[in-house]
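Consider the two complexes below, in which chain A is the common component and chain B and chain C are the respective partners.
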Partner chain A sequence: MSELWLTAKQNHQCQCHLCFALNSEDEPLCWQCGGTLHGVATKSIQQTLALLFTSVLLFIPANFLPMMTTTYLANQTDSTILGGVILLWQHQSYLVAVIIFMASIVIPVGKIIALIWLCYAVQFKQLRTSKSGHRLYRIIDFIGRWSMIDVYVVAILVAMIQMGSFMSIQPGVAAIAFSGLVITTMFAAKTFEPRLLWRHTE
Partner chain B sequence: MKKRHIACPECDLLLSIPALKHKQQALCPRCGGVLTRYYRHSQHKLLAFALTSAIFLLLSLKFPFLVFSSHGHTKELTLLQSMQAFGAAQYYLVSGVLFFSAIIIPALFISGITYVLWSFDRKKLLPFTASVLRLTLLLLPWNMAEIFLVGVFVSLIKVMTLAQVSLEMSFYSYVLFILNLAATLLYLDKYQLWCLYQIRLKHQNV
Partner chain C sequence: MVDSNNKSLITDTLPKATIAKVSAISSVWLIPLVALLIGAWMMVNSWRQQGPVINIAFSTAQGITVNQSLLKLRDIPVGKVIAMRLNNQLNGVILTVRLNKNTQSLLTTDSQFWVVKPRIGIGSISGLSTLLSGAYIELSPGRSSEYSDSFLGLDNPPLTPAGTPGLHITLDSNSDQAFDIGDPILYHGSKVGRIEYKHFNIDDRKMYYNAFIDAPYDQLITSNTRFWEIKGIDVDLSADGLKVTTGTLETFLDGGVAFDVPNYLSKGEQITERAFFSIYPNKEKVNERLYRVAKHYILLFKQTVRGLKPGSAVEFNGIKVGKVVRTDINYPEIKNFMSKNTLMPVMINIAPGRLGLADNEAGLVKLQRRMVTWVAQGLHGTLAVNNLLTGSKYINLTYIDQSSNQLLSFGDVQLIPTADGELAQLLTRIKHIVETVEKLPINKTITDADTSLNAMKAAMVQFNSASTEATKLLQQANVAGLINQADHSLRHIEKLADSYTNGSATNQQLNAVLQSLNKTMHLLNPLLIQLQLKPNSLVFPSHPAPELQPKGQP
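After this line comes the complex of A and B, so read on.
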């Protein structure tokens, strides 16, 4: 069956990823929308790996520095992401604890590992089924934005809880690192080229 | 809808999309990715929902968002104030990211799509229609309005034991904005929009 399948690349064409217009292979810009054309074999893997490396570096301050500082009757407590989750669990807010844990730890870590695995698979042609790899990529691409929840939660808590000396919440440095982590992993998922997953079948 | 040759945007396979009926979708035979969904009158529904969500977004900026009271302290927050908290603590970068992803980008997306659809409804296309459509679709993955809403719910559950929080006008307006935005995204289809653009362009040149 696969012999019957012809890709745009084999036909010496390149499709604009934004407007579906087919351009000839050597064209730099799309004739319809003027966007830059990206051929299949560009620097996709290097870019993805570079962004993933950045996000791994950002993961360290995001998890070890405080996400927020609570001042309660002149007592200051710093809480990291994981510390906050554990605290919520102890306070029997299981649902919120699970949501925050999934969004801030499971999704970013899973995403980074999955993208590294996909890059490895493409580079060394280890992929037995392109379809499952592709499905994994779609899940990563869809779910990535949701890690941002924790930053929003901290933002609203900080805005709400400002009661002078009685109780107040201040944001922590981890918020910057964590936002950076989410943004770099989103860019990493965007720069990864799913068309490469199918190249060995062609 | 006429048959047209395209390559699957996800796996680069050349294929032709057959004429679709209402609520049908076309999948790539090789990678299984959704190529396009067809809804009858989708551009009119798209415009209607986009305009409705624009109205609700504007309304949600004006009124109080949450009112928080505990131990004699009462604090009223507007939507913008709830995002400025990071800025007040010198975290301008994070504040900017939140502000852009939950308000500016959805707003730009709505205005972009309205401009494009308005342009399609005229005899002659408005200038820069293709560029506006391209940029609007590029913005789409960075819209995080619905994530902000979930964040609000989570923080409400977090402070419920601590204080009384009441939801105000802007909050309900923002929820309606999210629902309308979701409906807009349901009817949004890249392929259909570019097909419409080509048809319009052809009519104009005849």
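After this line comes the complex of A and C, so read on.
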């Protein structure tokens, strides 16, 4: 495969990020648009790891602090993400419970684990082919935004159910932590340089 | 492809790039650092916000939910139940409550905790809001300054939160009526306090009640204050008629305690510390003057003492001087009860204070000394009926002129001699009269009267014969002689009348005198008329009065 396909790096060339023109590897500026040229981001993995670490930190408050506070007839109930899922399961709303469980727990956790594995694989050249890594990366990139479903649910409920002391819902601290978690994982996915996957299959 | 010449040209013409040393660590690491710092700050903050953890023991955890039930002070949440478990004896629960920061000052040894839940009593309904919100624990901070972290929760909310201005008092009662926690204390019908706690003392066989009087009514409690029971309905059937007394609706259902200063006492000093008072059975008992010392006497009655009971009055001429203490027969001196001549002992006490003597030992000695004199002068106790309807009796002390008595004693108590009661005395008198009448010599009197009548009969016979003789004498008298003399006298009168008839000399003279008298009267006539009109005209000159003319005002 490597005989048929050459990477730009192998040809001592690099692509401008702005106008996609091919430049020599040694050029500091793009010959076409004058943009600053740089090769594969050297700190990409470091940035991804830093953001992943942030998301892991945010995962703790997002799951242990109340996601939302329901006041029903002057009776306050705090519900965490997992608590809500369990409650829904007990109320036999299995589909909603599974969706929320997937969106709020499985996807963020899976994303973090997958990205960490990708970083590890890139660093220690564990990938045999770049294809599987690419597919994983695409899935992570696509599915990441769906984690926000839980935040949307809370946002919609808070906006709709405001009936004074009869029934009202207030967002909890975990909502902020959780949205922070989703955002940092999305940034982590963005900062991950997929080109590194090629490099290590060279 | 760019050739090398060109390349070198460009490189020569372009400014040389300054090669900065690229740091090995990305600035993105700031983000987790910030997150870590925020997390650390939150942890530290929440740790700093946490107040003390306390344990409260309750008999039951009804309505309490872990992590949800709050601890409130005046409806402000100050803590939350974080755990609950059974105690070691399994007869109660221990709730662990975490309080907010800076609440140490609320946790003193005398702080009170109770669960607020819906309660319905006769007087009030409380805690309705907890029907929806669920029960919570209410805290009432104490006054003590000693810190404590384990408390005994109250089963019922304290009726008076700690620190409420007012006065705590202790009342004792051994009457049949019991009071409940929350029963009102009334002053002239207004609720000024309530019973907070009751405790039965086995040793004293008495019920003790802790009551609280709200400020400013606590100023009404003075050293001479007396408390009495208020019953729902008080029915008094007496000779005066049927008297029904009811209190307020609350006391009607529950009863209560009223207080006042008896009308014969001064107010006394105001009470500021916890004081002890007794509850009297009714208001009459309160207004009855209390005496510190009294002397016991025994009266032995021949007749029934039914209707006499402890508390019955002992009066002297209508004034109460003492009361009956005992009417039973449990004296060692009573040996042969129910024998024919059994005397019923009644113990009374006479307070020297009631007799105007000093209410102390000196007065007691004086009373004892005087009693000897009084009994010697004939003081007796008699049973008198107080109320014919109920048959209640009282003891009347009165002087009876009998042979003077000595103060005997019955055991170690002195005896006051007794006499029959009024009714018995009346019966005795009637009996006496009947006996006297019976003793009268009526037969002899009748015999005497018979002989008198016989004598009278003889006298009448004699009178009859006397009158017959008188008739005979009159018949024998000369009637003809008397008639002749009368005829002679009448003839003389006839002659005298003839000399006055018309034409006689006497008659003419009489006429002339009468005519001259008539003329004189004619002459006197005008004078007589004037005298008649104006009797003073002989003394005062007669001027005609000036005639009054009608005039206008000038």
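Assume the second predicted complex is superposed on the first by the 179 of 202 C-alpha atoms of A that agree within 3 Å, B and C clash if a C-alpha of one lies under 4 Å from a C-alpha of the other, contacts with A are read in each partner's own complex, and residues count from 1 in each chain.
Note that in this section a residue touches a chain if its C-beta (ideal position, glycine included) is under 8 Å from a C-beta of that chain, and two chains touch if they have at least 3 such contacts.
Predicted model, so just to flag it, every value in this text is computed and none were measured.
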Look at A:134 in the shared chain and tell me whether it touches chain B only, chain C only, both, or neither; answer first, second, both or neither.
first
Give the label of whichever partner, chain B or chain C, reaches more residues of chain A.
B
Just chain B (first), just chain C (second), both, or neither: which does A:184 touch?
second
Give one of first, second, both or neither to describe whether A:156 is in contact with chain B, with chain C, with both, or with none.
first
State whether A:61 touches chain B only (first), chain C only (second), both chains, or neither.
second
Can you list the residues of chain A that meet both chain B and chain C?
none
For the complex, which residues does chain A have touching chain C?
24, 28, 42-43, 46-47, 50-51, 53-54, 57-58, 60-61, 73-78, 180, 184, 191
Residue numbers on chain C that touch chain A, as the complex places them:
2, 14, 17, 22, 25-26, 28-29, 31-32, 35-36, 39, 42, 67-68, 129, 132-134
State the interface residues of chain B toward chain A in the complex, per the touch definition above.
5-7, 9-14, 30-33, 66, 68, 70-71, 73, 75, 77, 81-86, 89, 91, 93-95, 97-98, 101-102, 130-131, 133-134, 137-138, 141-142, 144, 147-148, 150-152, 154-155, 157-159, 161-163, 165, 190-191, 194, 197-198
Okay, in this complex, where on chain A does chain B touch?
5-9, 11, 13, 15, 17-22, 32-35, 40, 88, 91, 93, 95-96, 99-100, 130-131, 134-135, 138, 145-146, 148-153, 155-164, 166, 170-171, 175-176, 179, 183, 186, 190, 194-195, 197-198
